[in-house]
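We call the chains A, B and C, going by the order they appear; numbering starts again at 1 in every chain.
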Amino acid sequence: MPAITFEEFWSWEAAANLLPEVLGAFFKVTLLVTVVGTLIAVSVGMLLAVLTQVAPGIIARPLRWVMDVIRMTPLIVQLMFASFLVPVTWDLLWVGTAVIGVHYSTYMAESFIAGIRSVDRGQWEAARALSLPQGRTWRAIVLPQALRATLPALGNWTISMFKDTPYLFAISVLEMVTVAQQAGNSTFRYNEAFTIAGLIFLAASLFTAFAVRRLEKALVY
Amino acid sequence: MPPVIRFEDVVKRFGDTTVLSDLNFDVAPGERVTLIGPSGSGKTTILRLVMTLEHLTEGYIWIDGKPLTHDRRDGNRVQLKQKEVAETRKQIGMVFQHFNLFPNMSVIDNVTEAPVHVLGRGKEEARERALALLDQVGLKDRADEHPSRLSGGQKQRVAIARALAMDPKILLLDEVTSALDPELVGDVLGVLRDVAESTDISMLIVTHEMQFARDVSHKVMMFDGGQILEQGAPADILSNPSHDRTRKFLDSVL
Amino acid sequence: MTDNLEALRDALPRLGEGVAITLQLTLGGALVAFIVSVVFGLLSISPAGPLRWVSTVVVEFFRGTSLVVQLFWLYYVMPLFGVSMDAVLTGVIALGLNYGAYGAEIVRGSINAVDKGQWEGATALNMSPLTRMRRIIWPQAWVLMLSGYNNLLVMLIKGTAVALFIGLQDLGYQIDELRVDTATIFAYGIGLLLYYLIALAASTGLRALEKRARRRLGLSAGSVHASAGAAL
């Protein structure tokens, strides 16, 4: 390995020039996709989880299979697939966000199902003994408890989703890593671009992990 | 007046195991009946059938002369619709061995949840009634806490208030002191004695507390192998059982 | 439809090549990830503080920065240091390091999940730490690990599609080529199905391993998809 000096490897000037652009893409795209994607994943995931639990087998079984296929195949390929399916006028940023959200909704659904199953049978029985209607039992008793049990997993999936946003590269959405790569292409300073992108990811991941832990503590009964 | 509960030829099977076979008995309005017997004799299953937590394999259960889950129409056994079952079930309350309080709700919300969302009572009205009930069980000052901060005995008293808040005609008590530390049993039984004296709610009680059974119940039924071995006034059954098995059972729990 | 099928028939050799690349990335990546996970997983429970810290820093670094960033770093930046690698090898190393870091958490979690009484029992028999780990703890932790590895392997297979970003002609690339001559739904339907079958085969294989490991411990064959695998 030929030794290179730090100056050869790292130019503060190049880094300073790149930072606003990369950081801008982080806030404008990466963060946005993560937040909206999480909202989609949580709501669709909860819907799927409840559906697989209450729908008759003839609906629930195929549904679970479709969820398995989505969960077990590459997000990148799904993004490309969706980008060719939609009309060309559609903004691929939102198409990509929806695909990421739906992809992760299958993971969240699995976690929700585990959370629903972890709710003590006695809770269902008490709700029935009080004659609470099914809908109210789900909404007021089972789902709040399931959600609590699921929260750490949801946090992890969100972090995971966040780190998957560079897959949007595949459909040419200008998220942070794509911007870094393009900046690298034009300046031939890939190292600063990718290092900055990596550090932003690292900082945001650590921050989210910390926030999730705080949230968990705040939700203890 | 029809019996408040009537079991008619009730059979309950779990897979190949028959838990109750051809069971017949009546509970009169206001009557408090204690079910005793070795574990696995089907006592808890009877309570769970009345609460419709288990599916009735064969036979009929009548509440106030009306069918609970199955009706006889033109000589056929017909399953009732969920809605009809729910209507009857509103008159029945249950207190569980493991309390089953809702951990995501405060004590008072546990008590007002069903009156508001099932009976459609106003929030204020439900709250006042709940506070009165919590006062009755000695926990008015804990109304806004979460159940996790209460002792087992306190949890069970909240569960009793929660069941009473629905103004049930029938109260089912399923081993309500079995999960409690011995020193907490007295408080819970005291509250129940109080309820028994001050109301005319019919009760089906499963318990191992023989003194409590003697004090509050009008009738004791001894179960063995899914059938009634003997029944009668508490004093007779608990002091002078006519069956050897009853005597052995009583020796084992006293 | 016949057009689609004809195009598919013509594309079969290229699809085969794509599958071959994807499988190379999967197997190579899994092997590197396994080694990385065991090394750093064991370091993370080492009694020596500095070793634990090194493990924490490395694991958090590779978990915290995105796979794509790591891949681009290896691909674009490493040559600066005079290290030029073949693209497949670059992919294998990136996948191995990234998923290996997740795997280290599985190893750590599984070992910690072994009943404390087992550690104490082995110590009471005067076993050396090495023997204790090798003979007593590891076989029990292994069962838990397999369940976590199962999830991780599926993730890794999905992750191989990043190969596209560094110009590799993997399965994902060949599907996109196929699309040119067929309906989009047809090409991607075939493609997703192929990925699904690969993932299913890998998952079934690991589940069989898990069953065997459970039987060896005298446990029932039912699989526990519990704590270890859930936290990716």
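Quick note on the criterion: contacts are C-beta pairs under 8 Å (C-beta built on N, C-alpha and C of every residue); 3 or more make two chains touch, one makes a residue touch a chain.
None of these values were measured; they are calculated from a predicted model.
Undergrad: Mean of the CA atoms for each chain, then the mean for all of them together: which chain is nearest?
TA: A
Undergrad: Tell me, please, which two chains come out on top when C-beta pairs in contact are counted per chain pair.
TA: The chain pair sharing the largest number of C-beta contacts is A-C.
Undergrad: Report back the single chain whose CA centre is most distant from the CA centre of subunit B.
TA: Checked the centroid distances; the maximum from subunit B is C.
Undergrad: Provide the C-alpha centroid distance between subunit B and subunit C, rounded to the nearest whole angstrom.
TA: Here the centre of subunit C sits 54 Å away from the centre of subunit B.
Undergrad: Between subunit A and subunit C, what is the gap in Å from one C-alpha centre to the other?
TA: Between these chains, centre-to-centre, one finds 19 Å.
Undergrad: Round to the nearest whole Å and give the separation of the Cα centres of subunit A and subunit B.
TA: Using C-alpha averages as centres, the distance is 47 Å.
Undergrad: Which residues, counting only subunit B, touch subunit A once they are in their complex?
TA: 51-53, 86, 89-90, 92-94, 96, 98-105, 113-114, 117-118, 146-148, 162-163, 166, 172
Undergrad: Would you tell me which residues of subunit A are touching subunit C in their complex?
TA: Touching subunit C: residues 1-2, 4, 8-9, 68-69, 71-78, 80-81, 84-85, 111, 114, 152-153, 156, 160, 163-167, 169-170, 177, 180-181, 184, 190-191, 194-195, 197-199, 201-202, 205-206 of subunit A.
Undergrad: Taking the complex as given, what residues does subunit C use to touch subunit A?
TA: 60-61, 63-70, 72-73, 76-77, 80-83, 154, 157-162, 164-165, 172, 175-176, 179, 184-185, 188, 191-193, 195-196, 199-200, 203, 230-232
Undergrad: Any idea which subunit A residues touch subunit B in the complex?
TA: Result: residues 120, 122-123, 125-126, 128-133, 136, 140-141, 144-145, 148, 221 of subunit A touch subunit B.
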